[in-house]
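Shared between the two complexes below is chain A, which has chain B as its partner in the first and chain C in the second.
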Partner chain A sequence: MSISSLPAEGTAHASAPPVTVHEERQRQSRLSLAMVSPSVAVLLIWMAVPLAMTIYFSLIRYNLLYPGDNDFVGLENYYFFLTDEGFTAGMTNTLLLVCSVLLISVVVGVLIAVLVDTSFWGRGIVRVLLISPFFIMPTVSALVWKNLLLHPVSGVFAAVWRFFGAEPIDWFATYPMEAIILIVSWQWVPFAVLLLMTAMQSLDQEQKDAARLDGAGPVAIFWHITLPHLARPIAVVVMIETIFLLSIFAEIFTTTGGGPGYETTNLAYLIYSQALLQFDVGLASAGGLVAVLLANIAAFILIRMIGKNLTDKG
Partner chain B sequence: MLTLKQGRQLQTVLLGTLAWLVALTIFFPIFWMILTSFKTEIDAFATPPQLFFTPTLENYLHIDARSDYFHFAWNSVVVSFGSTLLGMLLAVPAAYSMAFFETKRTKSTLLWMLSTKMLPPVGVLVPIYLIFKDFGLLDTKFGLVLIYTLINLPIMVWMVYTYFKEIPKDILEAARLDGATALQEIYRVLLPISKGGLASTVLLSLILSWNEAFWSLNLTASSAAPLTALVASYSSPEGLFWAKLSAVSTLACAPILIFGWLSQKQLVRGLSFGAVK
Partner chain C sequence: MSDLTIRNLKKSFDDTHIIKGIDLDIKDHEFVVFVGPSGCGKSTLLRLIAGLEEVTSGSIQLDERDITDVAPAKRDLAMVFQSYALYPHMTVRKNMSFALDLAGIDKAEIQRKVEDAAKVLELGPLLERKPKALSGGQRQRVAIGRSIVRNPKIFLFDEPLSNLDAALRVLMRLELARLHKELNATMIYVTHDQVEAMTLADKVVVLNAGRVEQVGSPLELYHHPVNQFVAGFIGTPKMAFLKGTVKAVSNAGVTVALDCGPHYQLPHQSTSLKPGDDITFGIRPENIEVVGADQSPFKVRLDVTEHLGADTYCYIKLANGEMMTVRAPGDFMADYGQNAGLLPDLSQAHLFDASGKTIPRPRTPAQAA
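And then the complex of A and B:
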């Protein structure tokens, strides 16, 4: 702290013109506004312009295969999108994917963070290995899992199954959604581990020792001391992962292409397939707006649940 | 009978072994990818999968012959660092202002920023594509830098905000009484104190930009295409050439993976999003 230079205060003030508290406060609020504005402005443009265009596209007929035929069609696109059989599937799959991966990454993340918090040989290397998947591109991890690990003939899983005398499973045909959840969890568990590991380091050891002296077992300590301590970081994990999981795309695109049928089509992929595979920009725009609306509902719920709690810091 | 001390030791060994097993299992896919990249195509497809084989460099040579790896790698570097720099230039003042001159609207602004991240990118792909086409930004590094800055900005503002929040206001007030301007306050006082937090913000932004694969695939073709596009170009037409695919994937992930390993301590320390008191 630079307390040492405080005596200079008197001289600095004497030479400056007298400023009233009110003026000073106004100056500060103008300055702070000027500093936030660029970020707010670019994000506002980033949201508003494409959104306005999307709203416009969603109200007209706009198929790239039929150029020039851009009549106003009102809410027809919305009607087609919402009654499409892919829509219910997309909704269900999005929810299923987000919730399963969240559950897995929080539970497994907490267990691993607690496990790694004990001291043992090579802890540094173990940490590096554990968080590595987070650095891998989604496309790469999807390709590696699809071709090298889950492949029904020459994949590693197939070899393990055969080793135990079982018939290898064609994962993407039999359990497509489970396979996607596995891949996405593999990518996001390390993120939870990363955050929770940090949080474990600030856990009060004395409190644990005191509890142990009072005869508390490891389970009781975990339940009454460790878990409450991790509540905030878990909230952060849920918040950030939800943001990314809502728009999972590359993993589905590279592995199943949304199939078989609509079994692994989430909303993001559904809109993509309408816009770029069926060239129906109008329909895709309507879908995009529905997704934006749903994302905002999700955001609202999440922010209500944990967001306020996160910014309320004394 | 075990003594208490022996029991402790046994517990440590068991927990350590378990931790190692978990870590190796989680790391296995990456290990297997790197291993496969040194196999011949025949070995890569062999049933059962082979752990021992004669390593070869032919896949890497093939990639070198077919595509200019450094062109893609350079694009990735420029785009990641460019968007991170631009993002920090926008995020630091915003976070400073929010953390130290809080108003009634600060919290809702912050949450609104985060909510922009919940937009599914695919929902605005067509408009963005058209805008990019009109402004000549398609397949340019600058265009990608813009997009990545925008998609990472909310998280960066939030992270920096939480670090600034932890700094006692007295320190800033002392500097202000010394006659420091806002900029001097940021550069001389704030940045040195929150170095660690800012570093992990930078790291996270670099990782996210390096790995982003939706916009880069849809908005670039060749001249600005980053490594994600290089990987994609090996996956579709040549899906059956797994050894080459593994080699190109290893090459695409190696820089950021090594970077992540080296900065792992920093990342672990700084990545708390204000969640740890």
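And then the complex of A and C:
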């Protein structure tokens, strides 16, 4: 399909208009195909070419320190990547990061969404403030956390610790993964709040009234009415956040640089370090493909679990 | 027993007074309908009774027990909402048993109560379905079933039929009337539809702007409205209101001159009216006869006529701009713009003074009952 076929088709039929419904429909479908083909083609190229190149790189020896030495090595890169000591750490850390942040953002998100649903003075401003962390660039927020909040000498936390007479904690040295989880949660809780807050507004007030008449207290209303109502938006939060959390990079790069050791290295950071710190493009490509595979498995499971929930009308 | 007594009940939201002092007595087994135009406070009054809104001042008593500040669930009341408010993720069975589950009642007992209610409402085959898989009428029945299982002293209904289509509404109306007889229950029903009010109620409470205008049986309201508002609100098409002045007052009645022309001698007894006072003459569409232009002093030009089969509604715009409707027999034929005369049945006429209060008219034996 190419764009040049479009005017040719148009002129051919301008002189002889289609007679039957069938012909007209055929012409329509050809036309629509011609219309969408450029974007489809561009998308395909955007996806297929890098994928093909990555697959190619993953099968050859390709180290920037040894130019020209690009022999075909089969699956050797995959073997090295999977047996690399960083791989297990990267996998565990990715899982840990994704799961913790998901848990925190859903639990905290639901609580905040329920809290700000009751009306109080200044609610509009509070809502905007709650959502605003989401609009800050990951690098910027990581830097703010690193230098202004968690810094053992000049950070706000250190000042609080000192105020109570405690020894300030060097977060990135002592609890590196927890610190990363804290930063990433700070960014992604607002997303959950945003979605759940809007969902709360569509909760039928009469349902709550009915539950009150049925003898349900605030806790029972939360468990039996609010939470089931939020099931769908929570599923959406989990799905979308998983996709983004699998590829967290900027926060790790700006704060711990994957360390100490491999303690905060996730898959994305591992691949980066292999390609651009160890200059082994072949190994990094193999890692990239493993990550693609894992992401697809995750997506498959999520869509099986949650997608059904979303389309299910019952 | 379930006697509800409301004394000087008031409700304000900030500076807006919604309910401005209501006194009301509802007796055991009565079907009471609150009716009024939108914004008159009828739904708020119901929510106050249910305990869903806090009372600003006044008291509500149920069988000598003051429930003004009692939690909604502890009042022995059940409510059916306009949107039904079924719990969407629960089955019909769970929807109906929810209140009992929360109360921690024995499982077998719950099962029995739900099955009983389902039988009364013919919900048996639907018990395991979710609300989404039900039609509007079925959802309505589930909402009623949810109330029945709690065996409340009073059932509250908040415009329960307004989400149904016209045919189903008539059906559910009959079903509600049947249910009222079968359960021998006390019911309070809020609606803006005066047909529902007239057909269902033992006692109609007409509300306007946060006050009770009149309480009475449907026919009492129809024949003896206490003021012009009630007279205009009850009855379709609306009663015609024609402005006029009093000519003479005597023992035989009141003589009035209408602005649109005719003079009438009415049987109403009044001590407060004197010649020259402004009055409003009210006559229902069904109490007027259309005759030839030369047979009546009340001469008009007919506007549009609507044929409904059983009746014909003739719309009339009088020379002085007043509008009125006449209900003629179904086979009545008239041309647009045709001249005609009107013969009102003066024994059925209503008379209101300048402030809108009714001048009482003599009761016929049938109406007095």
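Going forward, the second predicted complex is superposed on the first by the 264 of 314 C-alpha atoms of A that agree within 3 Å, B and C clash if a C-alpha of one lies under 4 Å from a C-alpha of the other, contacts with A are read in each partner's own complex, and residues count from 1 in each chain.
Keep this in mind: a residue touches a chain if its C-beta (ideal position, glycine included) is under 8 Å from a C-beta of that chain, and two chains touch if they have at least 3 such contacts.
Remember, predicted model here, so these are calculated numbers, not experimental data.
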Message = Tell me which touches more residues of chain A here: chain C or chain B.
response = B
Request  = State whether A:228 touches chain B only (first), chain C only (second), both chains, or neither.
outcome  = second
Task = Report for A:257: first if it touches chain B alone, second if chain C alone, otherwise both or neither.
result = neither
Inquiry  = By the touch definition at the top of the document, which applies to A:207: first (chain B), second (chain C), both, or neither?
reply    = second
Query = Is A:216 in contact with chain B, with chain C, with both, or with neither (first, second, both, neither)?
reply = second
Task = Mind working out whether A:152 is in touch with chain B, chain C, both or neither, as first, second, both or neither?
result = neither
Task = Across the two complexes, find the residues of chain A that touch chain B and also touch chain C.
result = 313
Task = Could you please specify the touching residues of chain A with respect to chain C in the complex?
result = 204, 206-207, 209-216, 220, 224-225, 228-229, 231, 313-314
Query = If you look only at chain B, which of its residues touch chain A in the complex?
reply = 12-13, 15-16, 18-20, 22-24, 26-30, 32-33, 36, 45-49, 90-91, 93-94, 96-98, 100-101, 103, 107, 109-111, 113-128, 130-131, 149-150, 153-155, 157, 162, 165, 170-171, 174-175, 177-179, 182, 189, 207, 210-211, 213-214, 227-228, 231-232, 235, 239, 242, 245-246, 249, 252-253, 256-257, 259-261, 264, 267-269, 271-277
Query = What residues on chain C touch chain A, complex-wise?
reply = 47, 50-52, 72-74, 77-79, 81-83, 85-89, 98-99, 102-103, 130, 132-133, 146, 150
Task = Quick one: which bits of chain A touch chain B in the complex? Just the residue numbers, please.
result = 1-3, 5-6, 8-9, 12-13, 16, 28-29, 31-33, 35-36, 38-40, 42-43, 46-47, 49-51, 53-54, 57, 112, 115-116, 118-123, 125-141, 143-145, 147-149, 153-156, 158-159, 162-163, 186, 189-190, 194-195, 197-199, 202, 232-233, 235-236, 239-240, 242-243, 246-247, 249-250, 254, 267-269, 271-272, 275-276, 281, 284-285, 287-289, 291-292, 295-296, 298-300, 303, 307-308, 310-311, 313
